[in-house]
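Every chain is named by a letter (A, B, C, D and E) in the order it is written, and numbering of its residues begins at 1.
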Amino acid sequence: MSQLPKPDTDALRTKYPDVFDRPASARLAMPAMILAVFAIFVFGLVDLGFSPAKLVSGLSQLGWITVMMIPPDPGSSLPAYLAALGETLSIALLGTTLAAVAALPVSLLAARNIIPSNLLRFPVRRFLDSVRGVDTLIWALVWINVVGLGPFAGVLAIALSDFGAFGKLFSEAIEAADRKQVEGIRASGGNALHEIRFGLMPQVLPVIAGQVLYFIESNTRSATIIGIVGAGGIGLQLAEQIRVLEWQKVSFLILMILVAVAAIDWISGKLRFAIIGQRAIA
Amino acid sequence: QDWKSKYPELTFAVVPAENASGVTERWTPFVAYLSKELGIKVTLRIANDYAAVIEGQRAGNIHIASYGSASFARARLTGVKTDAFANDINADGSTGYYSVFFVKASSSYKNIDQLKGKNLGLVDPNSTSGNNVPRFELDKLGISDADGYFGKVVFTGSHENAMLALSQGTVEVAANQWTNDEDSTLSQMLHKGMLKNADGSPMKKDDFRIIHKSAPIINGPYAYNSDLPADLKAAIAKAFTEAPTKDKAAFDRLSDGQKKGFNPATTKDWDGTIELIKFVDALRKKKAS
Amino acid sequence: MLVVEGLTCRFGTKAAVDNASFSIQPGSFVGVIGRSGAGKSTLLRMINRLAEPSEGRILFEGVDVTALRGKDLRQWRARSAMIFQQFNLVGRLDVLTNVLMGRLAEIPSWRSLTQLWPQEDRALAMSALEQFDMAGIAAQRADQLSGGQQQRVAIARALVQEPDIILADEPIASLDPRNTRIVMDALLRINKHFGITVICNLHSLDLARSYCDRLIGMSAGRVVFDGAPETLTDRIARELYDLEADDVMGAAPAQAPDGAAMPELGTAAAA
Amino acid sequence: MLVVEGLTCRFGTKAAVDNASFSIQPGSFVGVIGRSGAGKSTLLRMINRLAEPSEGRILFEGVDVTALRGKDLRQWRARSAMIFQQFNLVGRLDVLTNVLMGRLAEIPSWRSLTQLWPQEDRALAMSALEQFDMAGIAAQRADQLSGGQQQRVAIARALVQEPDIILADEPIASLDPRNTRIVMDALLRINKHFGITVICNLHSLDLARSYCDRLIGMSAGRVVFDGAPETLTDRIARELYDLEADDVMGAAPAQAPDGAAMPELGTAAAA
Amino acid sequence: MANAISILPDQQLAVLNDTYRKAVARKRLKVTLAAVAFFAALIIAAIGAEVNLRTLFSYFGNFISYFDRILTLEDGTRVWTNFGEWFWGWQKWLKMLGETILISYVGTLTGAVIAFVLNFFAAQNTSPAPWLRFVVRRLLEFARTVPGIVFALIFVIAFGLGPMAGVLAIAVHSAGALGKLFSEIVENADMKPVEGVRSTGASWLSCMRFAVLPQVTAGYASYALLRFEINVREASVMGFVGAGGIGQELVVAIRKFYYSDVSAILVTIIVTVFVIDITTGWLRGKLFGKEARA
């Protein structure tokens, strides 16, 4: 097959020693890191009381639970479940949208390519970290003090804690944006607002849309806050049915949430590809 | 009455009892009854956490709340202006229940002393019968540091989980609530067949043994905001006491036939619980030093 | 010998390549010309089996390449090396690793996946890079190179596949004139020194005439011309491109145009 | 008249442009040539104020451009339109909107941000597109166009800025030869018909000689040549590029090389 | 200023503008419809969620009241006046934080590895077969749809109380969430290098390893670290299965109204989030490396 001359390995080796005998530091860095990651992992397993025997016996239990789940059956609670799902969807949609709207301007301040100064960016990023670091439960309690028990408090609690997450995620999306397009706007005499509106937004919008829809989806299934603030919610129903071991209802609820999530997933995909459009022709 | 214009709407907050499902369906008829009696709108709020109810009452946007004993004491202790006016009467006429320690009947344990170094399953930090009273009882038995005395003390999250953990052998002893043989988390779980032996056969009442029973714990109160007008307060209390006679259907739906009625009560009745809570808090300080 | 028999590729109802048949002798340098959208890329991609033929066969040394599956298919891809207009290097990997990609079909998976490349493969890759005077930048990331350098890396990658055929899909379309020359010369050297068959899609008729032994002209998916560069008259070229022959020559104007000879607004642009 | 006085730009310790001085008459077509890294792009970017000069001044019609701030700066950027090698269009916006970007400096912000472009600006943008025969695809997204089309959109954007100067940074480096011709012709027409000054970075000496009235040669940040294209002898070119003069000519070889005349391995590639 | 453009006659312009308008009208209509639908959904949601702006604004002052309380020590002084009293339990909390981090580490790593293996099958552009993609996507959907707490409760029944159930629940949930996010990154990746590697005769595995992986690692790392952070924060939910750590301690403090403890533990968690966020930034910089040359 080969018509190429055989290379002179020894001559090449003396000429480019780095290529053939990479220094130990370069060769061992990666394996060493993987080893460290793995070692901590194993330590964790041991420390947290993992045992293969427990795992095997548990798996058989899981199989047994699965059998109990068939067929899914809502019993007489279907209307209650539907109401809970609707309520949860409302809360998630509203809370996440609020969070996204509030986070967009702040995320600009947290992005390296907009605010190059570390000194200015640092407090913004730490502010976002803090908002995220405060448990949603606490945000829920804070809002109960303002608007009382009810779904509205849930909306506000979700809005605040997702605000922290969005601020971080959006700013990373902005940092990954193509600088050339922004420069094109600047070179035509656009001001900072123009650069953001025309140079950045078209690029980051699909990423942002995907993330927002993902959070709506994720909030729809989360059990905690929505229950705490006194708004029922589908996640709470699910947790409760599991606690009382009503497996058929459990599987029905899971199916319901799956359908809702799949629907959001589908919208998300549609939207993302609508914005991304066909790939550029090469 | 002028309070009707000042309080066109009242909020009634309920935290589901640990084992209740379908709380909304249970409470809705009763709240409708209450609304009819008071002549103003009453909104039912089911919260999943007493902390939320306490914060809500503190801010003044929850007017009536159903508390557990410990949570009510906690609310009073942290300065929430709330007053108890009633609590439940059990089917047997008593107004209290017990915190008990269960072990498996097949085990050899007869008393707490034999359980040193074994695992204890509690319910959750704010549960009266599942945490506060058990710790109080242990202290009375001379075990002031439960976490040091037992091998592990775990919060299982619910009364059911504690019993599950016991039946599966994860813990050797579990604290739980118990009113009488017919009325307890255990009896409900057995009734539903939720507890099973390793071979899959359902467990029976005889498979468990109580090794310690606490002094009676008073049932949790219904409490209203102290700032409400006196005649509104009176109207609320009256509506509660009359419920079993005036709207039997709604009351039975609420109590599942497990309760006889509402017992008029005052905040003073929970002084003992407040002492208990103070004791539990003192434990934290002790650990600190 | 590479034989293409009635090769067709349809996307939906549209035939990108329509019943193409020809055969190519080992060691020849064949240029494929035609307008944008004529099906040149699709033809080359089918030969490398990156695109699936809808009909027809491709035979290489008597073996039906279109029927290959799994390991055999991968081996065939290795034997028919592809060079792309956009280089298609892995930007975040260094130059040497990019060249070593050409050895993937030969090396056991566990070695390549853990990047424990055998010494002789490293040597092969280095000598290929050295041929193009790029050994010095073997450790640089591919996306930090200029276009001409990237295309030379791509050619080195093709070479270490030890291919029988090199399929080059407009290898110089994103290069400046100087790099164009470097890359085309490199292909020519490979073809003449090692006798590797080169099939090269080209936009510029000028380049095609200069470098190729034989030209295949395509239009709307069909092969409409096949012969030596000398036989491609201006009239045929005009037909092929459906244009003023002047435009397809593609090079810069010979002398500075003065104001008078300048095209009116919109005429050249309309081309 | 554009006057550059002792212009210097340092990145760290390295001077990308080093004490450059020249002045350019209105209406001339100036080519800036030099090796990769010579500082051509940096020079153009400083004139448009995309890069900050470390030292020196740029004067335009007597105004010190280097001192402009805020609104004045943006107005200056609009007057010195920039055309980029990579087009720098907003891929997800349609062609017309991309061209309208050239009006940003003129239009009140509330109008542009809400995309309520004035009728006359729309007319201007549409006319500019029509000049380059692109009005038909005004509604297409910019990232769906071919390279030549994208660069013509970029030129249209530059034109609607109603600039005094067009700064073109290797406008044809990512284009194939045919599009090269279209784009360079377009620049030439703008220059000759409307008298707009064009300053154009070019890699190819051939193109520079054909199109420009005057060449500025840069090497390592310094201006080392400044004169008419005729005065750029092969010797100077060789020095400028530090290379065999033959190579910088950049065009394809005139006739098909035969085996004997072929360069040995590694010689041309070494360039 | 020179004007290089001769404005077209009105008639010609009108024709061109018309064509343009027609071409964008469809898109405009779609966008408008979508926006209207979205706002309608928002309004319905606002009614469903009992939004009441009047209460919000009239009682907004209460917003700080909870913070006011958690920043006060039992003796009524501000927490920062007596650090020793505020952080009285720091040893315990640090130990619990360590435990939480360990749980999240094992859980997130397991989940990330599963997501890593599965996401190539779930991404549109790398999946070897459509049916496989369908199955894997549904699997991931299932894994992330069921809330972590629910898995935890199921696993407690199966595996008994203890960190193991919590870790497994975190792992399953993380696998589902990361699998989706990872596959989206892969779908955004440039396919040219993949084609380049495939044309050399490389197997599917090699294509992923050499052409896709180098493009996506930075994104993977960033999402995995975010998930790690979320898991650290949300491990409180796992408290009920005996895997709570610092999060559970926080919930206990909230429920028992040990106000100063709440703020102290919050500060601990927030500092941890700082550290993770800074690490993420550093790692992203490292993995993205120098920007490609223009």
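Simple rule for what comes next: contacts are C-beta pairs under 8 Å (C-beta built on N, C-alpha and C of every residue); 3 or more make two chains touch, one makes a residue touch a chain.
Everything numeric here is computed off the predicted structure, so don't read it as measured data.
Colleague: Can you tell me the least number of steps between subunit C and subunit E, where a step is a move to a chain it touches?
Modeller: The least step count works out to 1.
Colleague: Kindly list the shared contact partners of subunit A and subunit B, in label order.
Modeller: Of all the chains present, those in contact with both subunit A and subunit B are E.
Colleague: Tell me which has more C-beta contacts between its two chains, B-E or A-D.
Modeller: When the contacts at B-E and A-D are counted, A-D has more.
Colleague: Work out the mean Cα position per chain and let me know which chain is farthest from subunit C.
Modeller: The chain farthest from subunit C, judged by C-alpha centres, is B.
Colleague: Could you say what rotation angle superposes subunit C on its sequence twin subunit D, using C-alpha positions and rounding to the nearest 5°?
Modeller: Superposing subunit C on subunit D takes a rotation of 180 degrees, nearest 5.
Colleague: Could you grab the centroid distance between subunit B and subunit C? Build each centroid from C-alpha atoms only and quote it in angstrom.
Modeller: One centre to the other, that is 79 Å.
Colleague: Centre to centre, by mean C-alpha position, how many angstrom separate subunit A and subunit E?
Modeller: About 2 Å separates the centre of subunit A from that of subunit E.
Colleague: Rounded to a whole Å, what is the gap between the Cα centroids of subunit A and subunit C?
Modeller: 42
Colleague: Identify all positions of subunit D at which a residue touches two or more other chains, and write them in rising order.
Modeller: Within subunit D, the residues that touch at least two other chains are 86, 130-131, 146, 193.
Colleague: Please set out, as single numbers or ranges, the residues of subunit A touching at least two other chains.
Modeller: 137, 141, 145-148, 150, 180, 243, 245, 282
Colleague: Spell out, as numbers or ranges, the residues of subunit E touching 2 or more other chains.
Modeller: Residues 55, 59, 62, 65-66, 157, 160, 162, 192, 251, 254, 294 of subunit E touch two or more partner chains.
Colleague: Which residues of subunit E touch subunit D in the complex?
Modeller: 1-8, 12-13, 16-17, 19-20, 23-24, 294
Colleague: Which residues, counting only subunit E, touch subunit B once they are in their complex?
Modeller: Residue list for subunit E touching subunit B: 55, 59, 62, 65-66, 88-89, 92, 156-157, 160-162, 239-242, 244, 248, 251-252, 254-258.
Colleague: Of all residues in subunit D, which touch subunit E in the complex?
Modeller: On the subunit D side, the touching residues are 79, 85-86, 94, 96, 122-124, 126-128, 130-131, 135-136, 138-140, 159-160, 162-164, 190, 193-196.
Colleague: Would you pull the subunit A residues touching subunit E in the complex into a rising list?
Modeller: 37, 40-41, 43-45, 47-50, 54-55, 57-59, 61-62, 65, 86-87, 89-91, 93-94, 97, 125-126, 129-130, 132-135, 137-138, 141-143, 145-148, 150-152, 154-156, 165, 168-169, 172, 175, 179-180, 210, 214, 218, 221-224, 231, 235, 238-239, 242-243, 245, 254, 257-258, 261-262, 265, 272, 279, 282
Colleague: Per the contact definition, I'd like the list of subunit A residues that touch subunit C in the complex.
Modeller: 1-4, 7-9, 12-13, 15-16, 18-20, 282
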